[in-house]
């Protein structure tokens, strides 16, 4: 175990930034989101939940896929993909919480499965992930439901933060390499403090109201029954059809592909899409889901039934609680789990 | 200064667009000093327009113009003949060098009918 | 090595929306009277100034226009009776709002130019081009993507 | 507050029981004390099981009536003072059939913003109690008292609205009269330089994730299909990433609701990035007030908006900047 | 796939001198979608049009762009050509590379570059054009003439003679207008009344003409072929159907001190009056400002004496609403006010008069029964001085910048008439220029000088002042380069003329455009001089620009010909570029109807599928294409973008914007 005094963290960031791009929670106009670090920015590791999750790093909200250059009557297709590893351009994603780290695993299963999404892969391969353990979870957190240990997240490097130090432990080769890069700033020690923090946090997690949600009903064999459940109508009644839950969700991975006309031709880009939107998966014949209830159902069925049935039971919810906090009308996945999840929720 | 430059200078000094003149002669029709002027107000405009500035620079009229602005007031085209007269007068004075006007030189060149106000303004202007 | 120091003077791109009945005709009159204005002013013909949607103004800025001017019949003279009265309110609010967002107020303008005011059309355009040129390039409301590759 | 809730419950149950209304739109208990959700109740049992009215019922229920009022039978709805303006505006735009709605005006002494409370450092909230200007918050980590004006919703901070429409009212506590200048924040921005204003909005809008929550919650944004969702409009877009898109979206949205926005403040309440979106709409309102005479959308349920009327002597656009006519 | 053809016109050297037309045509060839690009000397010529038609057929073009003069000039020509070649006429776009390019730029490279962009912009638009079909609207076979002067009378007679109903709306109590006030007319010196009054009588007796005197147009709705006009019939307090014009009321009326406006206020008339002997209708009218009965409720003498009981003090303004297919505006003129010209002393000296006052003084029916007496003392003036261009050609802001056109001729007429009737009178005329273009006009003026010895002085008057009861006219004689002062008995000012001020309201009601001098604008200065840009509205007489009687009559007849040409049609093609809502997106919010000036938008309840086999009823907008004029106000007020304008769709305009901004 290594450690660095809190007041020296800026030196750590600067050191990493010398040779790598550093993405870290930064406070801007009152809100904390992952952003590129540079000298003078207000880093906020203490913030439990960034508004947007770190998925933005590998799967940006908008991303150019290719360009079509037009000259007279000719069109040239330009590949804009970049192999960052090949270019030697590497990144560090710093301060990822356990839930968000788990979410990256969920995304990997989508984007890194055949056919591999090379845009995602290029960014993913070039990035070293530094996770940060939680010490002050709040009532909307329910990662434990998904067997996530918020006190000891995985990642290339795991860190813990208390009032004096950031504790540092490399887990992988990438992690070791990063540790080597900053080793001059780190000192030995901290095992005791980390253990103490873990214990204290676990006590709080036990007390969290959602820590014992019952997911037992969400099994592939119950798919039809769940799909037909009459409760969807009532649960979705207040849904505005906005994309807040989707866009703050660390595991939502749907995107739309669109064209943008430039002076030279066209940029084809992808951007996050939301299954809550009425034009989601719009096809020539119209839309397969025409009511907000259907769209609402789709989102939660996907998280809790469809995805796990195709990924060895891995839920595509990680219990980060962002949707619980951010839904304008206070609808969320917890209500769905409580309504349809299993007997033990009552 | 070439003649062209001088013409341009006169146009600029006067601040009036002599090409706007439609040659109606209303300025001269109203001029109270018409008889004393060897070159009439409308001719000032016309001659500047036609580039005949040597005659203007040598004329007596510039000293007889009362600067009463009646011609400016009456002109239906917004031309200011008095401003042209003034511009010529300034040019002549400046050509004389920096001598300006001396108090003792005033009596011989003016008569008692000239308004006091004009004398004061002329003195202020040419005696620098 | 000889350095090319020739500096290209900034010529702004100006989009002018002109109503068919007054201002477009005024522009025609400016043309037939041979009253010049800079070539970077390009006119889009619309039936009435009230056809101009704020979306068009924003679109122009997005596409890299440095100034947008809207011309219509004088209030009271609208070919469509009341169209330009609505234009006047819409644009008053839009221009004020854009400025509130920090967009330079000199980039937007509305002028009433009648079919008989060729000279005014030319004068207005000259003045607007000068005003925008002094301001420089539109950087605040442009979409960087459209200029990619430049 | 509890007394008001009980009275509301009693009335709603009576209305349902008598068959006078087929459903009641109100708020339903959430997982915590602070997350009630809008809901419709069709029976006495449903009301008894879940109905709630507390310090966190900030949501404006009027927009739900667009769909609800189309259903069979009359719909009763609880409207706070600010909500009634939206209701009227929707009636004016023929989006709600007034005949099908029974409006119960309910009192409101401002609503609390849980995000503002959390920003004050409280977390793991288990209970909230309000006594005058003190907000007593019980959390798993202890008890804290917050100053109410610091933690009310932005829209409530400057509210002087009164019920514009009601079929009956439930008001047990009168809200004290007060003088506020709701344009203060707008004026502050106006007083800045262009560069400062640009920087301010740039920073705020760069947070936008284009989730459309502001649009979808907005009672004025009641379009069957939004221009931004319509590829034929020429400005449809989902992308947030380039700086132009958010500006375009928010400018056009503000323009589209100008003269129709009642300043209900829902846009700012729902923004996940806490962008002060109401300051955009309020600028339009301020300019309209200054240039065309004071106008409050939603005060009436018929007539024209300031942008669909004119006077012959209106101020020229070139003369209007920063909310002042030259 | 689009197949666009581009045609670049040289317009002789008008375009080709500053725009490299060949280069433009060549550059455009590589534009996506363009399959044909050509240049030609005169595209609008027969050969040019042939070239276009041939290309459309040979290359199977789906849309064409013509780089030429303003679309306001030849859009219709090229649309017609396209149609003849089998292409929908609305698949044509014009790039204005003449008025908006070659004529305003001097640098060839710059102008060529701009021309290319303008053509590209038109291509961008035409790619989004959709074939449009013009609808039809019926024509109401009745015309309205606003103004009952010689212009209105002539237009009405010509239209009526062709068999169409005509209404004349005249704001005064009688028709006749300014011409009725004139004594003689140039260049033949006919008596004005002798040639005008028969026409007035013709009007009154024509079965197709209805004269609405003492009336004003209050409101106009509709469009060409189908105007609906509300007319205010002002209360004249005399029953028009009963009054026989016996004038007994005028004799008996005790309130006789009203200014006789027909005589330019040079004498008085009673409160109840017939403006002049030959008035049409020959019906009395009461001036409510002057009538004792109407002001105080006491009197009623005229009612007592009226043998037919025509007097009705209770009469109120009434309104009639009528439908017309065409409208002729003939609102005429008035001399300008002379308050700004105190140098001429008009307000201070009774013997400084305007030319129109002189007409009345010389007229046999005038205040002095045709004997020329000066107003101050009723003496014969021995020296009369005329001053030309009073307020005309004046850019100082006091007067009018234009030439009033008629003054040179009527002054020559006055001078001549005076010299003939009173040979002992000396007549002087101060002039700047004598302008006499017109058949027998210069000859007329020369007769005044050569035959009648009128003293024409080239120069302008600087001041008119009163010295011991004599009018001193001081001015310049430019030919002799001297300043002169003429002692005169009478000074006559040729005051500039301006459009009758009521034309502003009429123009607004008709949405006819008006210039800075309040003259109505014609559709084209040369080619469509009698048509207003507003379809179905025609212009006759001075309301369009200064002109004399022969010209006015010509223009009125030309108007009539245009109106007849319109009214003989049973149906008109309507503009297909109208608003069109997309019902699937319409919210039915009524914002669009709120801004529609024509009431073209109504709402209907319609059933829509909403998915899941369900439907819902929604209120949606419905545009009447025959009423919609295509301004587009509704399109901007529609928040959902459901309302769009055909031919100027949002997408079209935005693609034009893109093309312009493209670097």
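Letters are used for the chains, namely A, B, C, D and E, taken in the order the chains are written, and counting of residues starts over at 1 for each.
FYI, a residue touches a chain if its C-beta (ideal position, glycine included) is under 8 Å from a C-beta of that chain, and two chains touch if they have at least 3 such contacts.
Small disclaimer: the values here were computed from a predicted structure and weren't measured.
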item: Distance in touch steps, counted as few as possible, from subunit C out to subunit D; value: 1
item: Intersection of contact partners for subunit B and subunit C; value: E
item: Greatest separation from subunit A - chain, by CA centre; value: B
item: Centre-most chain, if every chain is reduced to its averaged C-alpha atoms; value: C
item: Which of D-E and C-E has more C-beta pairs touching across its chains; value: C-E
item: Interchain centroid distance [CA atoms averaged], subunit A/subunit E, Å; value: 71
item: Inter-chain centre distance, subunit A versus subunit B - centres from mean C-alpha coordinates, in Å; value: 85
item: Between subunit B and subunit E, centroid-to-centroid distance (C-alpha), Å; value: 45
item: Residues of subunit C engaged with two or more neighbouring chains; value: 54-55, 59, 63-64, 76, 82, 86, 90, 145-147, 150
item: Residue numbers of subunit A (touch at least two other chains); value: 260-261, 263
item: Subunit D residues counted as touching two or more neighbouring chains; value: 225, 227, 233-235, 242, 307-308
item: Each pair of chains that touches, named by its two labels; value: A-C, A-D, A-E, B-E, C-D, C-E, D-E
item: Contact footprint of subunit B on subunit E as seen in their complex; value: 343, 389, 393-399, 432, 458-463, 474-478, 481, 483
item: Complex contacts: residues of subunit E adjacent to subunit C; value: 70-73, 96, 98-101, 103-107, 110-111, 113-114, 117-118, 121, 507-508, 511, 513-516, 521, 533-534, 577, 595, 597, 629-633, 635-637, 645, 648, 650, 653-654, 656-658, 660-663
item: Subunit C to subunit E touching residues, read off their complex; value: 13, 15, 20-22, 24-25, 27-32, 34-37, 39, 42-48, 50-56, 59-60, 63-65, 73, 76-83, 86, 90, 114-117, 122, 146-147, 150
item: Sites on subunit A touched by subunit C in the complex; value: 67, 69, 260-264, 267
item: Subunit E residues touching subunit D - in the complex, by the definition given at the top; value: 582, 584-591, 594-595, 603, 616, 618-619, 637, 639-642, 650-651, 654-655
